[in-house]
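Next come two complexes built around chain A: one with chain B, the other with chain C.
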Partner chain A sequence: MDFIWLVLALPLLGSLLCSTHYRALGKAATGMLASLAILGAFGAAAATWFRVHAAGSYTSQLATWLHIPGVSGVDVAALADPLSATMLCTVTGVAFLIHCFSMGYMSDEEDYGRFFASLNLFVATMVLLVMANNLALLLVGWGGVGYASYSLIGFYRQKPSAVSAARKAFLINVVGDVAMMFAIFIIGSRVGSLEFTSFLGPASLDRMSGETILAAGVCLMIAAYAKSAQLPLHTWLPDAMEGPTPVSALIHAATMVTAGVYLMVRCAPLFGHGPEGADLMVIMARLGAITALVAALCAVAQNDLKRILAYSTMSQLGYMFMAAGVGAYGAAIFHLVSHAFFKALLFLTAGVVIHALHGEQDIRKMGGLGKKMPGVQLAFLIGALALAGIPPLVGFWSKEAILLGTFQDGNMERQLLWGVGILTALLTAYYTGRAYVLTFWAPARHESELHLPGSSMTWPLAVLSMASVAAGLAGHELVSEVQSLATHLPVAETHETFGALQITAILAGLIGLGVAYSSHKTGRASLVPDSAVPVLLGCESIDSLSKGAAGSFRSFADMVAVKVDPVISQQAPDLIQRSLYGTSSLLCQLQGGSLRLYAVAVLASSTLLALFVYGLFSLSIGAGQ
Partner chain B sequence: MIPWLSLIIWLPTLAALFIAVTPRHWVRLIQALALSAGAASTFLSIRVFFAGLMDTAALNKFQVVEALPWLESLGIQYKVGVDGLSLSMILLTGLVSLAALWMSVSIDKRQKEYFVLCLLAISGVYGVFASIDLFFFVIFYELASIPMYFLVGIWGSDKIGSGRPIYRERAATKLLIYLQLGGGLVLLGILALYFATGAKTFDLQMLLQTQLSGAHQKVLFLIFFVGFAIEAGLVPLHTWLPEGHSSAPTPLSMLLAGVLLKMGGYGILRFCLQLTPDASAKFLPAFAILGAVNVLYGGLCALRQSDVKVMIAYSSVSHMGMFYLGIGCCAAASPFNGYGVLGAQFQLFSHGVITALLFAVAGAVYNKTHSRDLRAWGGLGARAPVYTFFYVLAAMGSLGLPGMTGFWAEFMVLFGTWGSQWPLAVLAVPGLLITTMFLLRSVQYGFFGPLNPDHVGMQDADWWELVAFLMLATAALWFGIFPAGLTATVLPILPALIGGAL
Partner chain C sequence: MNWSHLLVQFTPELAVLVTAVWVILSDLFLSRHPSGLWRQCFLGLAAATIGAAFLYQVPTPGVELPAIITRVLLVSPLTSSLKFVVLLLSTLAVVFSYRSFEETERHAGEYYSLILFSVLGGLLCISSQDLVLFFISFELLSLPLYMLCGFRRYNSASAEAGLKYFVNGALSSALMLYGISWIYGSLGSTHLPTLAANYAVVPSPPSGFLVGCLLVLSGLGFKVAVAPFHTWAPDVYSGAPPAVSTFLASAPKVTIVGFILRLFWQSLDGTGQFFNLPVDWVFLFTVLAAGSMFVGNLSALPQQDVRKIFAYSGIAQIGYIFLGLAACNNPHPQQSFSAVLFYTTVYGISNLGAWAVLAVLARGQERFDLDSLRGLHQRNPALAACLALCLMSLAGVPPLSGFMGKFYLFRAIYESGLPFLVVLGILNSVISLFYYFKVLKAAYFVEAEDGGTSFLQAPSAGPALPMVQQLAFQLCLWSNVVLGLWPAVIGEVERVASTITQGS
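Our next item is the complex of A and B:
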């Protein structure tokens, strides 16, 4: 028994206690209990991290879970290596701050027991996903995260739009679960083991044919894309904003969307094997770049503060997938960690703003908040600058790591990807700046009394801001350090000097911010002409496409249920019944009391009998001779 | 030595006899008698299950066998016992029947007759799973199915409203005709077996020793398969299911979906796979396509139902499709063929527990709201958190959330299918998504959203309902977290089912 299991056990225990004892505990204590559970988990995760970096990776096995002949590795076992330890620390650390924030944010809610129980369960399932040492256990966490997000996105149960959003998120997550299940089938039936260290070893990979790697890789990618909201399985993410804001922060920063990136990095040897793996990586990089760009365009056209942030997450995840696709795994994880911090900061700040404005989420109706909430403004500014990639904040270094990892001299495709990255950075700076300016600087466009946040809501913001700044100031040294620490995979060759590439990226960020400031400081709502909005919302068209598909599917189901099934279950039995009745009434007529019919029957049957007897006789005589 | 198995089987009958001589207005005594007999049987079945789990290696043969001679000249005797195939079925019957008896506390008319019939049916189900003698198998089979006719016809409910009406008398008649048709075929098959082997015995242990010729196997296989498939909801023989399940009173729906459907599945495993292995290896892989059809067809029908009980009934059709898919891999040339059968057996247990829970919650809500229409429920989550919790839990188990029993069944079945006939596994994938869709849809319309003003005064679960829910939910979670507890009992007998070692 290793203390890595505490990382899982404490949130699970917290979830159980919160769901059963919330009445006895009361509001404050329930929130406190949930937060303490996560704090304990964070402590255990940090201890694991230090142990891994002092003594190397290890596996802690509790039990063999399911003994099925021919396939090994379906165990309850945890893998502690730099990657999982880093992820565990990030997940629990950010989740702890979000829990603390929620205590203030959700203090008016009735259902706090259910809220904190689900929140703890969310963290527990994510922890299970990260620490699993085999695909089967990972799948349990994978599905569990889907369920927890379902219950939290649909937390406001009485609101139909929230419930629909939750259902959509769950359904798309099930697509990912099924894909993952098939990845398990493919790998399990070819290699005979589901354990990462075993099936990702060079010997096992050599045993897999090219097609197997292709099929398994595609399944893993579908699973990751569904979980990480990448094109074309992204449609649930913007809708998921129906949940309470801390939930959005948790989904975007720590517990959900990062799972896909983690899976890709975890299975890196599979994608690095053979020409098929290389093909898959090219697809991954291209799709990542496209997602980054398309989502950024979409964010430009949004007016809802939370939806802007949602699309920005999708865009940043696109960066991470691009990094994984070009083999810059360290950069992908580095960006994942730094993104977790500044995106949590942004979402929580947005939560404070929305809370203060009594639920108003439209940035066109905000403004002037900077003077009234200077601290919140500063926090949002730090988050926004990090997202825009302005040095010396941490977002700059992690994004630079990805862009530098992507760029390659003399490789046209890589340079193109880099170009898309820069363009996305420009757009990111613009829409982040726009949200910031319209919310805090522009003239106020609302009259209501502000609902100012309590200290339980502000100190997590302070911690996250300081983390973003401090990590950024530590700066350049951190980059290669974290990359190698996080994955132990070879760090891609980067341009060490501070050169033209970085300057371009910084310029892109500054230009974006400048445009945002100059055009929105007066409170002008949008720079984009209305006619161009549909073009920008390109990725939402997939949503309407899938709605259309769902509609035609529904009519197909209607056809089966209303047209076909009654034939099988009603009319066919009825037909048999009617034919039996018909036969019966026919036979009944034979005994209808008609004397003539009886006479005919007697005559006919005695004739037939006589003929039959005669035939028998002649046959037996024939046989006798 | 105490005959545990016979006690399990006959205690409910004993209680039924006592109830038959109790004055009808002593309702509490009647309920107490029924519940204590049911609880005793359940307790003993759990005991037998864990005793079997202690020594799983021996489960490839019948254990705790009890035999009494009866008509020796015809080779008939009373003989019961359990092996790896039936052990978990006994446990399932214990759990579902006791939960159904707890839910029966809400029955408010003619309790005396109700409990007599209900307990007789429970005895029959236990007997079907435990009997080694095939003559008694038929007797128990009839004992389990005949009371259903009265229970549905008298204590059932009509569905009048949107969609086509369903009347309980008609549903009961249809149910009995279908069950009798299946039972008749099974009887025919058993008699054919009696003469075909030449052993002149109904003793399954001895019949398993004999060798059947290829032609005999084929004929017997077809008779048994069709006979049991009627009961186990194979499309297009499933049509008694939606009407029967939806008209039945809540505890009966639980029994029908939880264990009666499983008698068919168990029969296929026992008779087709074990007695006619060559014919099974020939036919079942082809019949697996019917399983895929079941999965999709049941799901599509369930997607468009507004009546919650009809929806659950169709979901049973869909889930039994997984069973047929699983046994379809019984003899494929893949080294992973065993998983399919293992998963199919797992599915019998898991679907039994989870569907019983779904029916229990749906029926309890029906008792409170007097409506089975999902849209007429509306937002019950605000008034009834307990119902909501258990319904969502059952829905998650039913759609195969990783970590619950339903997941392992699906996982193993699809793993086996993938190894043997991968296109069928791919074909079943839309079925998984459809299942998710209709279950989430029912959660959304029934329990979430704005509260229907008609139900503002609705009460949450009564304590006896909570007991029933907790029993079933515990089983669904327990074997999801410890799936090895079930697979370990089946693994010893698996070679006998798939015709060779793994």
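Our next item is the complex of A and C:
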């Protein structure tokens, strides 16, 4: 028993208590309990981190889970290494701040018990996902995250759009779950172990044929793409904005979409093995770059503050997958951590803004908030600059690590990917700047009385702002640590030169911000002509495609429900029931209650059985002779 | 030879024996207050249970017991784990019978001593190495049960149940004794290891031995109410006081299933084959199993009396266990053993929980038709939840323990090459859903007649259930979840099962 299990147990316990005792606890105490549970988990995660860095990686086994012949390592066991320890600290730390923020944000809600219970469960399942030392246990967390996000996205269950968004997120996540199961079947049957340290070891990888690596890798990638909202399985993410804003912050920053990146980095040795693995990595890098660019274009055309941020998440995740695809695993995780900080900051600030404007989410109807809420403005500015990749904020260092890692090997394709990355950075800076300028600087386009945030909502912003400024310092060490873990190779000492590449990236960011400032400072809503909007929103067309497919399934299901089902579900059971009851009334007649009859039945049955067995016996003896 | 080891190894039996005698004496000379007697009985059984758990956890290898003891009593992981389960179930049954008889019967103290003697008989049954000792302890297990079934002497249904059970039980005991004499006559011993050794050296298997085994199996089958020896069960279960049925439906069944495993697989033949006789034992067990499942499930369907539904469900559940026993007859029966053991344990606890609800309800009302459960979820949510989880577990609803039990059972049967039996089992599970959910429908979906004030408001029942019963209900309720999901349990069962064929 190790304290790493506390990281899982505390949120689970919090979830249980919040769901059963919220009436007795009352509103404030429920939120406090949920937050404290996460704080405790963060403490345990930090302790794990220090232990890993003091004494090296270790596995802590709680119990054996399943005995499957031929497959080992299906245990309730946790793997603590620099990667999982970093992830645990990030998840619980950011989640703690979001919990504290929610106590203020959700103070008007009636259903706080359900909210905090689901929030804690969300963290618990994500923690399970991260600390699992085998794919089967990871799948439990993987599916659990999907369920918890479903219940939180659909938190406003009176709202049809929220319910359908929740259903969509769940369905697409199930696609990922199924892919994950197939990956488990393939790896379990071919390698005979689901434990990361075992099936990702060089010996097991050498035993796997190229086809196995290809099949397992593709399944893992589909799973990761569904969870991390990568093309073409991204459509649930923008809709997930229907949930309360703290939930969006949690989904985007800490608990959900990062799971796919984590999985890719965790399984890096599989992708780094053989020509098939290399092919998959090329696909991963290309798809990542395309997702980054397409999502950035979508964000440019959006007017809803939360949807802009949603597409920016998708775009940044594209960066991370690109990094994983080119083998810059350390950079991917570094960007994941830094993104967790500044995206949580941005979402929570957006939450404050929306809260202040009584639920208004359209940036065309905002403006002039800078003077009224200077602190919030500063927080959003820090987040926006970090997202735009302006030094010395953390976003610059992590994005730089990715772009550098992409450019490093210098072939044509890598340079092209780098170019896409720079273009995306330019767009990112532009749409972030636009959102910032239209919300805070441009003249006010609303008249309502502002609903100013309380201190419980602002201090998490301050902490996240500081993290977004300062976390860049720890980047170098994190990158090399994760990189050596993922590739089993010592990291070559790179020369941190401040050269043309960095200057290009900074310039791209500055140009983007400059364009945004000059064109929107007067309150002009969009640079994009209306006719171009559908083009920019091209990636949303996949949504309509899936809607069409879903529609045809639906009409088929309707047909079955109206025509076929009544026959199967009503008449057939009636028939079965009638025949069963007929037989049983016969049987019950035998049960007359007469003692003599019972005694005769016992005697007769045993005699019959004895005769029967004796007859069989003598028959077989006779046959033998 | 060391007598102190003997004391340690048989702590549970001695604790039960001492408590039983103590309860009788206390009833006679010290205090006739029923709750005091109940407390003594409970503490004795609880101590025995803890002792059994400890003995199971900390086996003492290399302990030399006196030969006179090892000749007749076996101590192995199987026996100690079974003893623990039986004692746990008995303790719970005693907890649930608290206050059941105080108002109506003058001799409540006898109830506790009878249960304790029956438990002692069960414990000795599990361990016995000799058929004569087995028969005596089997009678020690059975005789108190006959009396317990007729415990409410002035209630005609209870008296009838006692008499029916006794007469039929005497008949089955006679059959069994007759079978033992056939076995002795053909192989010259009643000592199980000697029998196995003699059996190994005879040139061709004696047919008398075969008939003897079959008669013994009939006697055992009568006790667990497997069809066609089940006829007593519905009448006895519905006539006996529900508190007695709670005990009757759990601990003795686990005992007998354990002894069947020991008799036919551990002792007679070290290889796990159900003797090398040229007779299709799989077929025999399949007939018994299929008969039980169909008779139990189909007869339960039209019943309106909840006790009869439970009685028939018990017959059907034994059918599943016999299906598992049929699958034990192959060269690698470990998986089937562990499935049977696990399913038996799960069945014991779930069945006990379901009956216990009736036993507690019986204190406030004298009717047991489906309508008497109306609105139970309003009247007492904890009781309703316990009933619901236990019945769903018996029906095999995932992810409860009964589902996992059926899953392991059917997997073992399938892997023994008997897919047809799996189909039979699943078919019967489906049928059983009908009546299990009929009970749940009454408890959950029909509103109480008077808004839920009737039960537990009656002066005789007191304002609420006693704390210890509430805890016991929680234990039953959660065991349905935990046994199914906590992986260490099946691991332990597999470990126990793997020791069965390692010699006797």
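The rule is short, and it goes like this: the second predicted complex is superposed on the first by the 527 of 625 C-alpha atoms of A that agree within 3 Å, B and C clash if a C-alpha of one lies under 4 Å from a C-alpha of the other, contacts with A are read in each partner's own complex, and residues count from 1 in each chain.
Note that a residue touches a chain if its C-beta (ideal position, glycine included) is under 8 Å from a C-beta of that chain, and two chains touch if they have at least 3 such contacts.
All figures in this text were calculated on a predicted structure; none of them were measured in a lab.
Student: Which touches a greater number of chain A residues, chain B or chain C?
Tutor: Of the two chains, more chain A residues are contacted by B.
Student: With the two complexes superposed on chain A, say which partner A:S584 touches: chain B (first), chain C (second), both, or neither.
Tutor: second
Student: Looking at the overlay, does A:L139 come into contact with chain B only (first), chain C only (second), both, or neither?
Tutor: The answer is first: A:L139 touches chain B but not chain C.
Student: Which partner chains sit in contact with A:V602 here, chain B, chain C, both or neither? Use first/second/both/neither.
Tutor: second
Student: Of the partners chain B and chain C, which touch A:S189 in the superposed model: first, second, both, neither?
Tutor: first
Student: For A:W65 in the superposed arrangement: first (chain B), second (chain C), both or neither?
Tutor: both
Student: With the two structures laid over each other on chain A, which partner does A:G499 touch: chain B (first), chain C (second), both, or neither?
Tutor: Neither chain B nor chain C is touched by A:G499.
Student: Which parts of chain A are in contact with chain B and also with chain C?
Tutor: Shared contact residues on chain A: 64-67.
Student: Quick check: in the complex, which residue numbers of chain A touch chain C?
Tutor: Against chain C, the touching part of chain A is residues 63-67, 76, 577, 580-581, 583-585, 587-588, 591, 593, 595, 597-599, 601-603, 605-606, 609-610, 612-614, 616-618, 620-621, 624.
Student: Quick check: in the complex, which residue numbers of chain B touch chain A?
Tutor: Against chain A, the touching part of chain B is residues 164, 174, 235-236, 238-239, 242-243, 297, 300-301, 303-305, 334-336, 338-339, 342, 379, 381-382, 392, 396, 399, 401-403, 407-408, 411-412, 414-415, 418-419, 425, 429, 432-434, 436-437, 440-441, 444, 447-451, 483-484, 487-488, 491, 502.
Student: What residues on chain C touch chain A, complex-wise?
Tutor: Touch residues, chain C against chain A: 163-164, 167-168, 171-172, 175, 204, 207, 210-211, 214-215, 218, 222, 228-229, 231-232, 234-235, 277-280, 284, 295, 298-302, 431, 434, 486-488, 490-491, 494.
Student: How about chain A: which of its residues touch chain B in the complex?
Tutor: Residues 64-71, 139-144, 146-147, 151, 154, 157-160, 163-164, 167, 170-171, 174-175, 177-178, 181-182, 184-186, 188-189, 554, 556-558, 560-562, 565-566, 568-570, 572-573.
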